[in-house]
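Look at the two complexes coming up: chain A is in both, with chain B in one and chain C in the other.
Showing the complex of A and B:
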């Protein structure tokens, strides 16, 4: 019997929906084994259709995007109720992704930046789109902080990546259709990086460069002094970024069994600074301008689930 | 009830822990707010331990190691110094006062210094108030 699958787009850029189409003709193989019963982005299903389903009727539901509004939260809970297996699809649902960096600011700061202080969007009436209702349609409430899917409902499996690269996605879909919820590689990105052979045995850095500050010589980014999240990031993408000349920023999340990707990398980076006196050392570390943005680019929502702490005394 | 800070201290086996021992055998008094965890080297203190201590309810984290140049394992304490510095900057960006994390060099003979820095640190945390981080029930 064909499996029933669903896909929902929460707070995200839409890249995840496109990535599912990005497996091209392999999607036809998937559709031989499964029927789509809910996918608002690509098919004409409404929330009422989802509500009318029996509990547990959907075999596999994919949730992409994070949880930023009341609507996201409501659908996440509804999908959980209606499905046997709920999958966090992509970095937003799994770890909060880039939009999770918004947890460094509170709701008012975000609204001010987006609706009031933004020079390129004139807003003379100073409208903030919250609590509005027209003809029975209400705008959903913006939650105080961004949450990952797992912080709201129980999640059975996760597909990492921003968006999940095709090979990762194909493996995951095959595994899920066979009933397995564990898949993916258990090694770090360095293992499959095309620059692997240029990594020296011992890396010592005397200063850090941002990507645009130095000409790339084609060797291991860390050895060149550019922060590359490869050693702390799960393999699977085949080094898409590093082969295109850009250091890894860690979208695939931590290697399995590692809880905290950012801190693992922070510790590693601290260990490869060359021997020098304390003052010089401090200057080198100060050249990393944005600690959270560097080490937690994709997982700030996990580091700060309730937003930034207030302990400024 | 007044606020009693909870401090988790990671002390290196060769210097700071021996220094704490020295403070004890010398009958020096220091506040009992500190829970000591002995590690073989301050370099063993993964930044994850620091974050976990805070998440589990510590109001401050203290790390004691050998003086620079004296590490039993040659360079462990230098790494600690860099990691702590990086951690302080991360904590600051997270909105946590970096003064809640303190690194001190205490040798095996410096019982006096150990008692003094612990006392100072407890007072400092008392002034900062309870940590806002606690995720789970306090230890």
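Showing the complex of A and C:
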């Protein structure tokens, strides 16, 4: 019997939906084994259709995007109820992704930046689109912080990546259709990086370069002094970015044994800074612009579900 | 797994018991999960204390023991030996309630912390596994890198003890800096006269394989089992055939400066750096030679009756297996061109101490005659400047250690040669800490009528045929201006640049001034952090000849101690890599201070157990969390942290 699958787009850029199409003709193989019963982005299903389904009627539901609004949260809970297996699809659903960096700010700060203090957004009436209703249509409430899927409902499996690279996705879909919820590689990216053989015996860093500050000589980025998250990032993409001349930023998240990708990479980086005095060491670390954005680009929301800690005193 | 743990709380006299409530600690810990027995004793490390442990292990049928006492660095070995009589010694752990509790906290705090430390140690112990010591075979041959006095002494000591030594020197001859010196302080022995017998001994020693004009290009392996690749540079002269008759040199048309004479004398393209060179043979300097081919110039080949010259000689790579390595790569002088205040060394009459040393030498460029380089006249007024580049934050911050002594010697020898000459020495302090050194300085000051001026020279410039030296005498507070014929700079001693290359091959650390970093500045001054590697001479830091020779012998004795056993035993507390999940990122290889983490052909990391000291740096740095320390697994550490907080 064909499986019933669903795909939902939460708070995200839409790249995840596109990535499902990105497996090209392989999608036909999937459709041979499964019927799509809900996919707002590609098919004409409404929320009512979803609500009408029996609990657990959907075999596999893919949720992409994070939980940013009441609507996201409501559908996440609904999908959970209606599905046997709920899959966090992509970095936003799994870890919060780039938009999770919003958890460094509170709701008011975000609204001020987006709607009021933003020079390119004329807003003379100073409208903040919250609590509005027109012709029976309500704008959903913006939640105090961004959450990952797992922070809202129980999740059975996760497909990492921003968006999940085709090989990762293919393996995941095959596994899920066979009823397995564990899949993916358990090693870090270096294992499959095309630059792997250029690694020197000893990586020593005297200073860090941002990507545009140094000409790439084609060798291991880290050895060149450019921060590459590869050593702390789960393999699977085949080194798409590093083969295209761009250091890994860590979208695949940490390897299964590691909880906190940023701290894993930071302690590795701190260890390979060349023997120098404290002052120089500090200068080197300060040469890393945007610590959070570098090491926690994808996992801020996972680690800060309630937003930034504020010292009330 | 430990099921019946015994806890032994030590009073350490009043060291612990005076602060920590040891009786309460012992009593309450007795009911902690997994603990079968608990007691206290006055001095656990004493013979009766050790016997108490033995007795209780038997009576209470204990299978693991925690000693709550001092730091494990003090007595872990003592207690593990006692416990080793009954069960695996790794089932004995120490909880440090002295340095970490009684010595640093108030009574109540200390007692509370003692509980925490003990609980954490019990939790760790419950996760411990039996470990067997690791044995490593030893190749009883030693590689000595550098053929100066340090390398020579170390090589002779080891060879005399009956072990084979491979002595590698990159120059055509061994001898190093000491061969360049004229006379040595404070006894004024002729440097070459006391050195050359040792050089000859090296050449003749059946246990020494001398590889001069060679360089170490690759080192792999680990303590007891190093694989070394040595590049033998072609001399284009057969060492065995050359009779050192000098006919080749006479006819050679290519003339270049002789490095041995600090380039103050000429030599031919085919040359022997100095007459007593070992090995005693000519060498063709490929760079200077007109062609190494009969068509270009073959005058030397035609002149050589011994038929020793071979233009087709090729570089050769020799592979050797050794068990230990001594690095004795020596020193260089700080570049005088970097001393802005002393005229960048552009003036012919401003020379370095080593250039002056060659000038003093009977075999040197002037035959021992002291001359003003620009004119060849006898200099009547010479200024010696100490600490040129040393003890100077703009250059090298450290003291070069030997300059006070040799400058005094220089001034003395100058006065002996030029009776009516005037010598001035600018100094910061006089450091004469060796045996008979202070007496030597006193003699120079009093008998030789040298003008010692305490102060730094601010500026040197040329005025006509004189060099004007400006300085301040800080004792009188007056400005000093001397119109000198010649200035000698006691340049800072720095480690050779090549030391860095060798250190990279050996994966040992190099500090300021290119000096090798020893394992412990006081207690392990000749050992590298990585086992099986030792240092001798100025490669480790500036030092004089007696200290160099002593350190060389010390390094040799370390090697001999190692060679006295067939196998090395080492602590099995090592890192373990989960190879299946290793991505080969190389972070652990980069951070391991012992060179124990190595890349395998499949790209994954592997811990060479013989080299691992169990520091855990790799485990902390691994971004995939794939490295664990034996008996310090993540689950153990997690449990320890849980019970502490």
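Everything that follows uses one rule, which is that the second predicted complex is superposed on the first by the 311 of 313 C-alpha atoms of A that agree within 3 Å, B and C clash if a C-alpha of one lies under 4 Å from a C-alpha of the other, contacts with A are read in each partner's own complex, and residues count from 1 in each chain.
Throughout what follows, contacts are C-beta pairs under 8 Å (C-beta built on N, C-alpha and C of every residue); 3 or more make two chains touch, one makes a residue touch a chain.
Here the structure is a predicted model, which means the values were calculated and not measured.
A.B. asks: Have a look at chain B and chain C on chain A after the superposition and call it: clash or fit.
C.D. replies: clash
A.B. asks: Is A:202 touching the first partner chain B, the second partner chain C, both, or neither of them?
C.D. replies: Once the two structures are laid over each other on A, A:202 reaches chain C alone.
A.B. asks: Between chain B and chain C, whom does A:52 touch in the aligned arrangement: first, second, both, or neither?
C.D. replies: In the superposed model, A:52 contacts neither chain B nor chain C.
A.B. asks: What is the contact status of A:231 with respect to chain B (first) and chain C (second): first, second, both, or neither?
C.D. replies: second
A.B. asks: Once the shared chain is lined up, is A:74 touching chain B (first), chain C (second), both, or neither of them?
C.D. replies: Neither partner.
A.B. asks: Quick one: is A:191 in contact with chain B, with chain C, with both, or with neither? Answer first, second, both or neither.
C.D. replies: Touch partner of A:191: chain C, not chain B.
A.B. asks: After lining up the shared chain so the two structures overlap, which partner does A:255 touch, if you call chain B first and chain C second: first, second, both or neither?
C.D. replies: second
A.B. asks: Where does A:282 make contact in the superposed view: on chain B (first), on chain C (second), on both, or on neither?
C.D. replies: Only chain B; A:282 stays clear of chain C.
A.B. asks: After superposition on the shared chain, which partner residues are touched by A:264: those of chain B (first), chain C (second), both, or neither?
C.D. replies: It touches chain B and chain C both.
A.B. asks: For the combined three-chain arrangement, which segment of chain C clashes with chain B: 5-13, 41-49, 77-85 or 95-103?
C.D. replies: That would be 95-103, the one stretch with clashes.
A.B. asks: Jot down the residues of chain A that show up as touching in both complexes, chain B in one and chain C in the other.
C.D. replies: 264, 267, 271, 275
A.B. asks: Give every residue of chain C touching chain A within the complex, in rising order.
C.D. replies: For chain C paired with chain A, touching residues are 504, 507, 509, 511, 580-587, 589-591, 599, 603, 617, 620-626.
A.B. asks: Which of the residues in chain B come into contact with chain A in the complex?
C.D. replies: 46-48, 51, 75, 78-79, 81-83, 85-87, 89-90, 93-97, 100, 127-129, 131-133
A.B. asks: For chain A, which residues count as touching chain C in their complex?
C.D. replies: 186-191, 196-197, 199-204, 220, 222, 230-232, 235, 255, 257-258, 264-265, 267-268, 271-272, 275
A.B. asks: Could you list, by residue number, the parts of chain A that touch chain B in their complex?
C.D. replies: It is residues 104, 259-260, 263-264, 266-267, 269-271, 273, 275, 278, 281-282, 285, 288, 290-292, 295, 303-304, 308-313 of chain A that touch chain B.
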